[in-house]
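Below: the structure, in structure tokens.
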Amino acid sequence: AAMPVSAIADTSGKKIALSNNYAGNSWRQAMLTSWNKVTGEAVKSGVVAAADAFTTAENQATEQAAQIQNMILQGYDAIVLNAASPTALNGAVKEACDAGITVVSFDGIVTEPCAWRIAVDFKEMGRSQVEYLSKKLPQGGNLLEIRGLAGVFVDDEISAGIHEGVKQFPQFKIVGSVHGDWAQDVAQKAVAGILPSLPEIAGVVTQGGDGYGAAQAIAAAKRPMPVIVMGNREDELKWWKEQKDASGYETMSVSIAPGVSTLAFWVAQQILDGKEVKKDLVVPFLRIDQANLEENLANTQAGGVANVEYTQEDAIKVIEAAK
Amino acid sequence: MPRGAVGPRGEFSWSKPTSMTGDKPKAIVEVADAKVSFGAVKALDGVTLAIRPGECVGLVGHNGAGKSTIVSVINGGLTPHQGSISADGDILAHYGINAARERGVRCVFQELSLCPNLTVVENTRILHRHLGGFGWRKRAKEVIERSLDAVFPGHGIASDRSVGELSIAERQMVEIAMAFSDAGVAPRLVILDEPTSSLDASLAEQMLTYVRHFVAAGGSVILISHILNEILSTASRIVVMKDGRIVADRPAADWTDQSLVEAMGSVVKGEAHRRATRDLAAAPVVIEQGGRGMPFRAKRGEIVGLAGLAGHGQTRMLMKLHAAKTSDWLPRRDLAVTFVAGDRRLNGVFELWSILKNLSIGSLGDLAKRGVVNAAAEAERGADWKRRIDIRTQDLANRILSLSGGNQQKVLFARALSTRAPVVLMDDPMRGVDVGTKQEVYEIVRQQAAGGRTFVWYSTEMEEVCLCDRVYVFREGAIVAELAGGAVTEENILAASFRGAEA
Amino acid sequence: MRLTISADAIRLAIPALSLTMLLAAVFWLQPRAMSYVGLNLLFNLAVPIALATIAQMLIMAVNDLDLSMGTFVSFVACVTATFLRDAPMIGALILAGVVMVYAVLGVVIHLRNLPSIVVSLGMSFVWAGLAVLLLPAPGGQAPDWVRALMTMKPPFAPMAIVVSVAIAAAAHLLVMRSSLGVLIRGVGGNERSVERAGWSVLAARAAAYGLAGFFAVLAGIALVGLTTSADANIALRYTLLSIAGVILGGGEFIGGRVSPVGAVIGALTLTLAGSFLSFLRISPDWQIGAQGAILIIVLALRLLLNRVEKREKGR
Amino acid sequence: MRMLDRVSRSPWIWSWLAAFVVWFATIMVTGGASTLDLSQAALTFAAFSIIVGIGQMFVITLGPGNVDLSVPSTMTLAGTVALKLMDVDNAMIVPGLVVAVLIGIGVGMLNYALIKALRIPPIIATLSVSFIVQSAAIWTNRGLRIKPPSFLADFTTANSFGLPNVAIIALIISIFAWFLLEKTVYGRWISAIGQSTPAAKMAGIPVDGTRFVTYVFCAVLASLAGYLLACFSGGAALNMGSEYLLMSIAVVVLGGTAVAGGDSNVPGIWGASLFMFLVVSMLNTYGLGAGIRLIMTGLIIISVIMLAGGRQPGAR
């Protein structure tokens, strides 16, 4: 669409930095890969002068705060941020804003008012899982909840959504809850430990990155396989496909697309370009269903995560939609 | 008199005047019928001992006789299971470290007990609980320096150095000076448990001189030593302990070297026989080492002494010899050298282990097949050495720390001698070893040397140095003289040690 | 006349030199850092780390190790961002209470002769659990006075520098100059001799732990002052950072050899090393590895300076 | 009677007792119906902690300050590289294993090289190495989860004689480790070094060689555990080792090995590993929230160490 206010300023001299707090799983790796791919082209074609990615060694807010402070010193014009904590970086973000830097947070967003937020409705993501199950299993049943890392914002949000969903569909009951830390092996271990003491499970609600581990543990215990909500990882989708082919297994898969980093990049570019952008933007989560499983599986790199990368036009659409 | 002051030699001021009237002044500390046992071991079996002002009590006995234990009782560190303690005539129900210190009881322990990470001044602060308050550093510095100057004139120890940087002898000096220092509570009874073990002759003499002055001025001292000359020349009364009991208690004048040794139950020591001079000219050199000063060289079957004042590079030479012949990376089937530690706690014993494991660790190569230890062979060798050097224990499976210091030292000897290494390095290994044991070890060394083993022997005791075929004298980290055969005499060695200083 | 440098001075000179060199490198890479604001940005997050390092150092001074430092500071941060703001009295009471808990831990560890590593490992779970209970999701807000304190702009030198110097000076007075400090280090050096001099080693250990708890509480408060809010995982890395800081500053694991000034310098060095790396613009793949490399380089520097110093001494 | 006395004084008994109590409390929830399943799950997951724990124990035995913090990243690197190399091909199982072990050897050598060359405390040296190794893992496969060869996937998740295969492997490694420690010259050497390095040196023990071998051994066990864990959980992940950092240390010290070195304990590692798994299961089973669960875990660890009585007399 032709934008009436486009190109007030030229962003070809602007420098954008990505501040990332963690690189230790496939989602983050896909996120960084998408960033490199999209921003690399943008730099080459002269849209921006630089788009450097920085990752902290440990997944720690304090380390990331230091990283942001360094970016201020390095003179970046915008910082795109996947935050270790929604609040603990506020001090550093405020300093960046005060220095005239545009801060755009995504996925792990920050609450500091001066920053932009590209958020996924994590609560809805949790609730929609139960809603799906209610259609699939109208008679209801027992649920096992696998949570993420305790004390982290995303974990709390998704879990709250799931509990909301259970309130909405009271035929379901959560009989067990474990922390899988968004890792297959941790989830596998935690599920294997609680499983022996659980009654029959109808469904497993998850947060992403933990569905395959749960399936492994349940299979090892030789229990009937419940409906496990998956999290878009390739191994999960592959397992789902195998089950589907073998026994017509049905489920759904939902997660935030790692390529959202590229959306954040374009949003930052638009803001630098002088565009009026609302502080809170929403991206839909990426959902895979029985019907489009094969298609998504084919598009997903072996061992990776189902992904969508965004273009400048996508960004403009998202910005327009928020107005 | 200002707080904590001690006049020059002699003018000690007591915080509490004692009744000096009558022939027998009240005892500073009196232990009556004390019994202490550790499990089945009766460390003290009814000991009665009183220390009066103005006397120096020499305490002798074989290793494990109970000397250190009675010291702990008097010092308040150990409560006897039976018996009473009285001080200045009052029987005390609650006697402990602080009660003892309040009464001026001080102790220099057998092992060094300063904090190596603190400076001399800070250590003084630790020792004197009441030295606190603003400006304590200055006061502590005065206290310790005054005492060091008094006990070891010309000591050259800066009080702001940390103890870890001092040599063993200097640490020992600090510790002794600390015990005699006065910061409010004057020392009245100072217990010295083998204080001269790391001091050379001249420092030991300085200390003994000071002890005599201290006693003459009315102070009391308990002196424990395995060097009988020190006891005989310094003590006014000598107490002999044996197996947790006092077996003799007489004025020093009534004792001779001979009678003391007899009372302790050891074999009468003959004149330390010098070895017949052997002709080693044809023997091959087995170990050598260059460096500043004269080169070091030792031949097969030779006993080479390292002499000189304590802390002048002898131990470093031993370490160098050891390092040159061992590898830190690869195990060696045929050991070239083996080492007997003098500082047991630092580089001798393995505290968690049994006596047997401590003994066999040096020769595991011989006791193992393809890396697996042959337990039967190990036990057999252990039993053999237990018999040969008489390690006093019921069971070699007991922990090494259940042995007395002297017996631990014997285990270290056995560890070294049971290897096949042709060269044995000995780092003043007789520290705290009793007379009887020493004689046994001398005999073993003699036999093994005759069998072709080479010994490099650092010792602070002249008598031991004189047992050597050849002696290198050290001064400031270098060899300054070599004495052989008949020239190995106390006079020559002393002359060489001091000549280096003038050069 | 031979110049004798005391071991303590050398213990300090080495970390100070490595900090200077690193700072020079940072200035060279990023001249903008050479300003009032720049220095503050470089160092302000080092303030809580320095406090935590001092706390760890006090524990290391008595030959123990605290593996719960990170979770404890996180917990304190959570208390600060909630109770200390909303109900200052209760907040202060809680913080005083946890300092007491630290002292009690010292007592228990001493009385039962427990390995501090295991006890603090257990406590790290306890603190983490309490923090999660307090703040199940990140949030809370820094009390205004804390925020004001951490963002003040003193004349001449930025807050980060002023506060670091003040921490170093206070810790130096406490640990190196006072009688209590001597006693605590004495316990690390030779527990038995302290006991034989009639002191209560138990009390000394309790004091060391209590003081450590106090400094760790300050670390948590300072951290919230910088971040404005807290979460249960906010300071987990402080455990390893504080240990590394003490070591970089010339401290040792056993023997009571510690240096408070060195510890603060160590904390500053670690913080600066991170900045140095991001100014270098390494590929994201290797950014984590570079953190390891920089630790190695800084320590290698320490070795080099040690060598030089030894040669000096040998002459 | 003497037997009972001896057992009650052996340091490993407490971790076993704690594991048993927690196990019992968990199966009681289902009236005993979950006994078999729970036991098998516990053995399966404890096996990985046991393998890394044994390596860590050897290192900790070397004396104060010795600890290997590179265990998690070594697991990750070995797992990711081996799985990438095997690429779901059963014929590549052995080369994959060889590469994993080689990675372990490499990391161990790097660890000791740094400790020795820079004379830095192992805790810092291995931490630095772990960052580098973690970077290498990121660089080699960028977090992709590649599936293990089918034979390995089946083998690691199957049981033999009612015991999980991974537990059998852990048992074999444990027996080997016990033999090394108790019966061989090498075992004596590491214990001696742990008690007093100067004394060990003067007793003619090749101190550097022994420590070097021990660090390599620890890293090899970590890489082996990484290889098995990656196969077991259906693919290697970049964060798969992270929980084994504290775990490997916790099982060693809870198992009764002296933190100050010189004294190690293989059976204790089993008790402690089972305990660490079961305590989480128990608290999950009772439906406690994360906060309470963490607090309980901590308090239980402290209680166990209090009961066990802590440091040996004579140890520093």
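As written, the chains take the letters A, B, C and D, and residue 1 is the first residue of each chain.
In this text, a contact is a pair of C-beta atoms (placed from the backbone, for glycine too) under 8 Å apart; a residue touches a chain by one contact, two chains touch by 3 or more.
Values in this document were obtained by computation on a predicted structure and should not be read as measured data.
Q: What chain is the most remote from subunit B, judged by the mean position of CA atoms in each chain?
A: Farthest from subunit B by mean C-alpha position: A.
Q: Let me have the rounded angstrom distance from the C-alpha centre of subunit C over to the C-alpha centre of subunit D, please.
A: 29
Q: How many angstrom lie between the CA centroids of subunit A and subunit C, rounded to a whole number?
A: 35
Q: Could you tell me the distance, in whole angstrom, between the mean C-alpha positions of subunit A and subunit D?
A: One centre to the other, that is 33 Å.
Q: Using the average of all C-alpha atoms in each chain as its centre, how far is it in Å between subunit B and subunit D?
A: Each chain reduced to its C-alpha mean, subunit B and subunit D end up 45 Å apart.
Q: Can you list the subunit D residues in contact with two or more other chains?
A: Those would be 131, 134, 138, 258, 290-291, 294.
Q: Which subunit A residues sit where two or more other chains touch them?
A: Those would be 23, 57, 150-151.
Q: Where does subunit B touch two or more other chains at once, residue-wise?
A: In subunit B, no residue touches at least two other chains, as defined above.
Q: In graph terms, nodes being chains and edges touches, is this line, ring, star, complete or other?
A: It is other, because the touches fit no line, ring, star or complete pattern.
Q: Using the touch definition from the top, list the residues of subunit D that touch subunit A in their complex.
A: These residues of subunit D touch subunit A: 26-27, 29-30, 34, 37-38, 41-42, 44-45, 131, 134, 138, 141-147, 157, 229, 232-235, 237-240, 242-243, 277-278, 280-281, 284-285, 287, 290-291, 294.
Q: Across the complex, what residues on subunit D touch subunit C?
A: 64-65, 69, 114, 118-121, 123-125, 127-136, 138-139, 246, 249-250, 253-254, 258-260, 289-302, 305-306, 309-311, 316
Q: Show me the residue ranges of subunit A that touch subunit C in the complex, using the header's touch definition.
A: So the residues of subunit A touching subunit C come out as 20, 23, 32, 52-63, 65-67, 69-75, 84-92, 94-95, 111, 149-153, 155-157.
Q: Inside the complex, what are the residues of subunit C that reach subunit A?
A: Its residues touching subunit A are 30, 32-33, 38, 41-42, 44-45, 48-49, 128, 131-132, 135-140, 223, 226-238, 271, 274-275, 278-279, 281, 284, 287-288, 291.
Q: What residues of subunit B sit close enough to touch subunit D in their complex?
A: So the residues of subunit B in touch with subunit D come to 322, 326-332, 335, 337-339, 341, 346-353, 357, 361-362, 364-365, 368, 371-373, 399, 401, 415, 419, 421.
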